[in-house]
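Okay, so chain A shows up in both of these, paired with chain B first and chain C after.
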Partner chain A sequence: MEAAPVLAGLLAVVAAVILLGYPLAHVLINAFTLNGQEPSLANLTLRNFERFAISLSYQRAFWNSVVSSGGATLLATALALPMAYAVARVEISWRPLVLALSVIPLIAPPFIGAYAWIMLLGNNGMITQTVAGLFGIKLPSIYGAFGVVVALALSYFPYVFLIVQGALAAADPAIEEAAAMTGASAGRVLRTITFPMIAPAVGAGMLLVFIKALGDFGVPSILGGEYQVLPTLIYYQIHGFFNLNTGSAIAIVNLALTVLGLAVLSAISRRQVATLSGTARATRLTNLPARSAANAFIWVVLVLALLPQAVVLLYSFAERWGDTLLPSVYGLGNYRSVLGEALTTTWNTVLLAGAATAACLVFGTITAYATVRGKAVARWALDLTIMLPFVLPGLVVGVAYLSAFNDPPFVLTGTAAILVFAYFTRRVAFIFRSAASAIGQVDSKLEEVSAVCGASWAETMRRVMVPLIGPALIAGGVLVFATLVGEISATVLLYSANWKTISIAIYELVNSNDLAKASALGSLCNAFTLIVVLVASGLLGRNMSEMFR
Partner chain B sequence: MAVDGLVITSLSKRFVVGGTPFTAVADVNLTVEPGEFFTMLGPSGCGKTTTLRMIAGLETPDSGAIRFRDRDLATVPARQRNIGMVFQSYALFPHLSVFENVAYGLRLRGVAAGEIGQRVAEVLDLLQLGGHGDRLPASLSGGQQQRVSIARALVYRPDILLLDEPLANLDAKLRLHMREEIRSLQRRLGIMAIYVTHDQEEAMAISDRLAVFDRGKLVQIGQPTAVYESPATLFVADFIGKANFIPVRRVGDGRSGSVVLPWGETMQAGRTMPAAPDDLGVIPADADGAIMVRPERIALDAQAGAVSGRIKRVQFLGSIVRYAVAIAGVPVDLLVERARPIHGLSEGAACRLGFAAADAILYKRAGAP
Partner chain C sequence: MITLKIGLKRIALAAGLAAASATVVAAAESVVIYNAISTKVMQAYTEAFQKANPGVTVQVVSGGSGELLTRIRAERNNPRGDLLVGPDADVFDVAIDLFESHKSPEAGAFDAAAQHKDGKYYGFSTNFQAFIVNTKMMPAAQAPKTWTDLAKPEFKGKILMANPAQSGSAYSQMQQIVKMHGWDVMEKIIANTTFVPSSKLAFQNVAKGEIPVGLTSEFNILQSKEEGFPVEAVYPADGTALIIDANGIIKGGPNPANAKKFLDYISSKSAHEILVQIDKRRSARKDVSPPPGLTPVSAIKVVPYDTVSAATERTKNLEMFDKIFSRK
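And now, the complex of A and B:
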């Protein structure tokens, strides 16, 4: 083993300590100290956590978080499983289009979709008004648990869909054929063979949705109204009461829930059964009833999931929109009025997200290499430290950075660096994962051959490894960048006036009820991310959905 | 008419690959007798596996019929055909133990729990898997996984056993061992077996009869010795064993089978048959046909023989020695196989060789005299 990978491993540990351990330690200390008191052994207290026992609003937020995330997970799974089966096992129409469209909810920031639901189902929403006008029926309020669960489920269901569809496509079709040959009916094959085989993938997808929903701030802050969840509670403790200590205590509870989810996730993914087969030729149902049902289901889900983005686009062109179903006057006025703001915030976003993505790429690849090719002893430790931030709720990262980087030795508050570091910490695991799987597929003999031919470790990396894993890295980098463009839950606590991002600008417009301008800015944001992903998938010659797996 | 066997008539299947239609199986006719070990042999993409999958009911024929015991299988779904199938990838259920993998078909047939235990134990013993019942497939070696997949296919006493390249993923030594085991198991159970492989040696060693496929068509069907001794086409001759092709011009009245070899020798070929249209590319444009001689039928000596040549290469393969010989004065190389090395014939040495007319088969070009 060369010295370079060992050095890279050490570097990873140092970075993990400063960017993760140190801020999380601050959160811990703050959580056990009262607001306004100096942190010391004598001042340690459980008073901040006591609120979960005595305060009704804390208890509600806790259970609301559990219930809304659980509900969103179940609903997302109910949508995603039949859709995954339909795409993988039925001869449907326009398969590439379906796969491409299914990725859009993951690219578009969820909170943009959330306020589109207000336009549709809010008190003055298009559907609410139409139904009231036609039937005189008053629909239930979109604000609260119902709206949060629906919006979260429609935003995150592609995780279950893509993972399960991938597992179905990768499973050796001969296994299901073997079951049919021994005499099992189609339903029996599905129940006793197919489902048990993909169960680990379903579990992994569900937990990913659960963890994402648990950490989501944008959707509940827009659709929640009085319905508080842990991330919104953190935000109001810090922004409303400037109480970093109670905020930290809530963050710890939020984190504990998430870590619980992660523990289950890793236990499940370890049970993943190897069913990969290179030459598998998928057999698909071709009969008309199956095809019709599959097509209908897929398009209902896709229309529901994409409807919010379509409404945002429509609203962005509305110059006047009174009591009518559709806008009465169309024009580019909204775009003209947000143009200045769009340019500066997009530029800020590109700089911040770009810097973070570049750091993720360099660092994530080197650590992945050290982990895959390195000694087994350090492997699990590295694996854990780098996977943890992947599931850290954005607001927890925000609180941790606010606490840690406000005082010497690291004063970063209000700088661009604090955002870049926060983004880096939240996304480096993504690059790490795609790089690790790409490196794992490169036969280590190729490196040995290169070394035998006289190449140094660095030369082998440059001439052999990077060209081989390059496409995977670019795909990973593009996705990190795209998801950072819409990042709000860490940004909302850490941004400063000089470094306002496009997502914050949209969020402010929504909060001041300027929905037309918010739609224009939101559509620009969506278009920008979509173009980046489309160009990248075109250059790489991959389907967008492949890039997400 | 074979009432008890499997009868395939005019079977055809087309696929569309990337927008272009492609004929996988074209007008295949064959019959498999009860208790017979029948092999479908050919290079990859020749249609043998597609034919097997149509017998299994995993693919639907475009036209033609498959009948078993005088019953048309067209409307019988795979799961009701009572056929056992062994897949190349074994296709073991990864989440079920060895016991449960094997028991799967019995549970579907509503067999009582006690009998399931007994029958699974029986078939596991038969395949030397006793004591492995509790293990998961992933913890078994390739050979063991192979046995489990055979056990799973046999346990419910199917009418036909289909095997799709079952030995392709095993190493050479295990492959030889397993093929003997499969053959003796099939003999003991007296079950009809249909076997697919691209390995001609395997096919000859294991089969009662074999069918050679080429680009979707069934080219020849027969016992291994018959196919080897009298290949229907140059393709079959080349695919089954080693073969020498020598372009010839015909002399005489055209019925006698008299030919002139490139080195001027006149010969009366032992047998004559028309060359298949697909074989015409192998025969040079200026030749009337080609004669085929097996390498072990050519005599090679330092002094005696009709033709003179020079040894280009000697390959010592253990049980045989293979010589590549360049014929003097003409651009023809012949392969010769001997049981043991011939003294004095090292690479570069001059030699003499010859073969009996009875061992030569003439494939004549259509329209040639």
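And now, the complex of A and C:
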């Protein structure tokens, strides 16, 4: 065994312990000690969890979280699967545009979008008013479970859509054709061939939606009204009472729910089917009814999902928008006043999110390699340590970092590094997972052959492994970067004045009740991230479709 | 290993940049503001202060008052901020040990009620809590006139209030109701009212015509009205208190001398005039007149508000609220 892989592995372990394990230990200890008590073995208690047994509002928040995240996952899947099929298997118009637009809900800063839903579908919203005026129909209220589920589903459905359409595009249609030729009905082909092929992808996408919905604070806090969920409860305990202990305990319950979701979904997608094939051809339905139906479905979903951002864009040009259906004065004033701030904060975001993405790529790939190829003793522990911060709400990660890295031995508060590391912690699971699945698909014989021919381990990595898994890594990296641009809940606790990000600049304006300028900055932010995604996919020489294989 | 090297170089670069910027900051003088007020006002202050104190950079870290207090508490062993600007005075009282005394030369301009007895905070704006009423949805004649009116059955489902555990102003509204009329009335109000997590929504959604009545600070009503929304302010006839928000120095912050200078500046007459002009708030200084458009104090029945008891009773009151709220 050479020194290089051992060294790389050691480095990964050290990083995992300091950046992931150490702050996470703070969360765990907090959850099991009482507010104001010193953390020690003697003080360990389950009292923080007691409220789930006795408090009605805790129990209600728990079930609300289950229902809203579960509902959002199902609705997102119901929207995403037909859309993925339509994009991958039907000859539709403007495929690249459809794929590019579908990324927007994932990258848009979340907290302005939720305001936009009120402006659209609130009791006095634009759509509500129009529908009432035209048809005399009163739409259901968006406050509460209904609005939360719809808004979450429309924000996160692209995860299922992008992953599944990637899997469908990669799958060899010859199997389906063979089944059809031997007399299977279209429904039977879908059920017995197509679905099993894409089941792992569907499971992975659904899990992402479930995790994201379960950790979302912005949507339920604005559309929920009195509908509390676990993240709003955590916010209330930490920022309202400064009770990190109860906050951490709620986060642990949130975590348990995610693990449950993981178990359910892995049961669904147990049958792994090799989908990587060298000869995938694109065969797409070209008949008119199929094309019309596909186009119609895609655009209805896209328009619904992009409506909030369209409102944000409209608002960004509004110089005055009082009690009228549409703005009364339009202009570029909002853009003029935020432009300077946009430039400096975007640059900060690029540096911070870029460094974090690079760290995710290096660390995620090495650990994925160690997990897939190596005989790592505590493989499950590594896997768990990486996944945990991904499923913890950002607020909890932020507080954990703040309390772990403000005092010696590791003093990082006030630096850029704390943001880079917190971002890294929250997103490395993304790269880890996609690298692991990409490495799993590379036959280990290729590496053995390279070694037999005299190449060192490092050389084998560089010349064999990296080129083979490169596209998957770049796609993962782009997604990590793009979703970090709008990160707010950890950033607001950790950023310092020299490292103000664009998401903070937007949040400041929202807090100042300056929604028009916040919208202008938000629209600039959307445009910037979209350009990054498009350029990256252009550099790869692929379209977005292939990036999500 | 190439990837690894490049990655490490990039991380080293970012870390180096951070270290470099930290040294730059240490070399030049600065003051770090934990800021809960509007960006417009803070920008005006930054410019004015830097002009008057050449060589001192004002560094602003913004957030909600809960978020900023969380930061200060978590950083208490190694404070990173110099001043906390803009939260309600009872936010300071809840964690008064975290703040530093300072005898400001401006102290004489504030009433005893508008400053901490040991100079741990000085008042900033002082605002009446009032009802924002959307007159398109509810004619002024039908609007609630007193806190007890809010408990009447006809207003069920028509009132919006921020959750007192999530918003300082909502907590002070609840505290006023409880002190004046007791928990019986508050319980009925809780039954009538929809609670939202953010104090912004409590007036924004009334302005947008989502619901007719909201509980908020008076300047939010004036701002919404000037933006063109059909809203009016109703000051409760059974009395409302002036709620003071404040500024104070964080104990053990990195730039104590500049912190004092900034606190003196932000408590000065000229700084308060900027606040009145831009944000339409009443100043806590005796010698600064309120913005045109706000109801004069003489036309409002004023009752006292005890920030210290509001702070000491906070946990007890919020638990009581939670108990009643979860029975809904």
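The rule is simple: the second predicted complex is superposed on the first by the 376 of 549 C-alpha atoms of A that agree within 3 Å, B and C clash if a C-alpha of one lies under 4 Å from a C-alpha of the other, contacts with A are read in each partner's own complex, and residues count from 1 in each chain.
Going forward, a residue touches a chain if its C-beta (ideal position, glycine included) is under 8 Å from a C-beta of that chain, and two chains touch if they have at least 3 such contacts.
Not measured: the values here are computed from a predicted model.
**Q** Tell me which partner A:Val150 touches in the superposition: chain B (first), chain C (second), both or neither.
**A** neither
**Q** Which partner, once the models are overlaid, touches more of chain A's residues, chain C or chain B?
**A** When the residues of chain A touched by each partner are counted, C comes out ahead.
**Q** Of the partners chain B and chain C, which touch A:Ala518 in the superposed model: first, second, both, neither?
**A** Touch status of A:Ala518: no partner.
**Q** A:Ser328 contacts which: chain B (first), chain C (second), both, neither?
**A** Touch partner of A:Ser328: chain C, not chain B.
**Q** Should A:Glu177 be classified as contacting the first partner (chain B), the second (chain C), both, or neither?
**A** first
**Q** In the overlaid three-chain picture, which partner chain does A:Leu233 touch, first (chain B) or second (chain C), both, or neither?
**A** neither
**Q** One more residue to check, A:Met119. First (chain B), second (chain C), both or neither?
**A** A:Met119: touches chain C, not chain B.
**Q** For A:Ser185, decide between first (touching chain B), second (touching chain C), both and neither.
**A** first
**Q** Touch test for A:Val87: chain B only (first), chain C only (second), both, or neither?
**A** neither
**Q** Looking at the complex, which residues from chain A come into contact with chain C?
**A** 4, 8, 55-57, 60, 118-119, 122-124, 143, 221-222, 224-226, 232, 235-236, 238-242, 320-324, 328, 351-352, 354-355, 358-359, 361-363, 365-366, 399, 402-403, 406-407, 411, 413-417, 420, 458, 461-462, 466, 492-493, 495-499, 504, 507-514
**Q** Using the touch rule from the top, collect the residues of chain B that touch chain A in their complex.
**A** So the residues of chain B touching chain A come out as 56, 58, 77-85, 87-89, 91-96, 104-105, 108-109, 138, 149, 152-153, 156.
**Q** Touching residues of chain C toward chain A in the complex: what are they?
**A** Contacts found on chain C: 1-4, 6-8, 10-11, 13-15, 17-19, 21-22, 25, 32, 36, 38-40, 59-64, 66-67, 69-71, 73-75, 77-78, 80, 95, 136, 163, 165-166, 194-198, 200-201, 204-205, 207-211, 220, 223, 227-230, 315, 318, 322, 325-328.
**Q** Quick one: which bits of chain A touch chain B in the complex? Just the residue numbers, please.
**A** Of all residues in chain A, those touching chain B are 172, 174-175, 177-185, 188, 192-193, 196-197, 199, 273-275, 277, 283.
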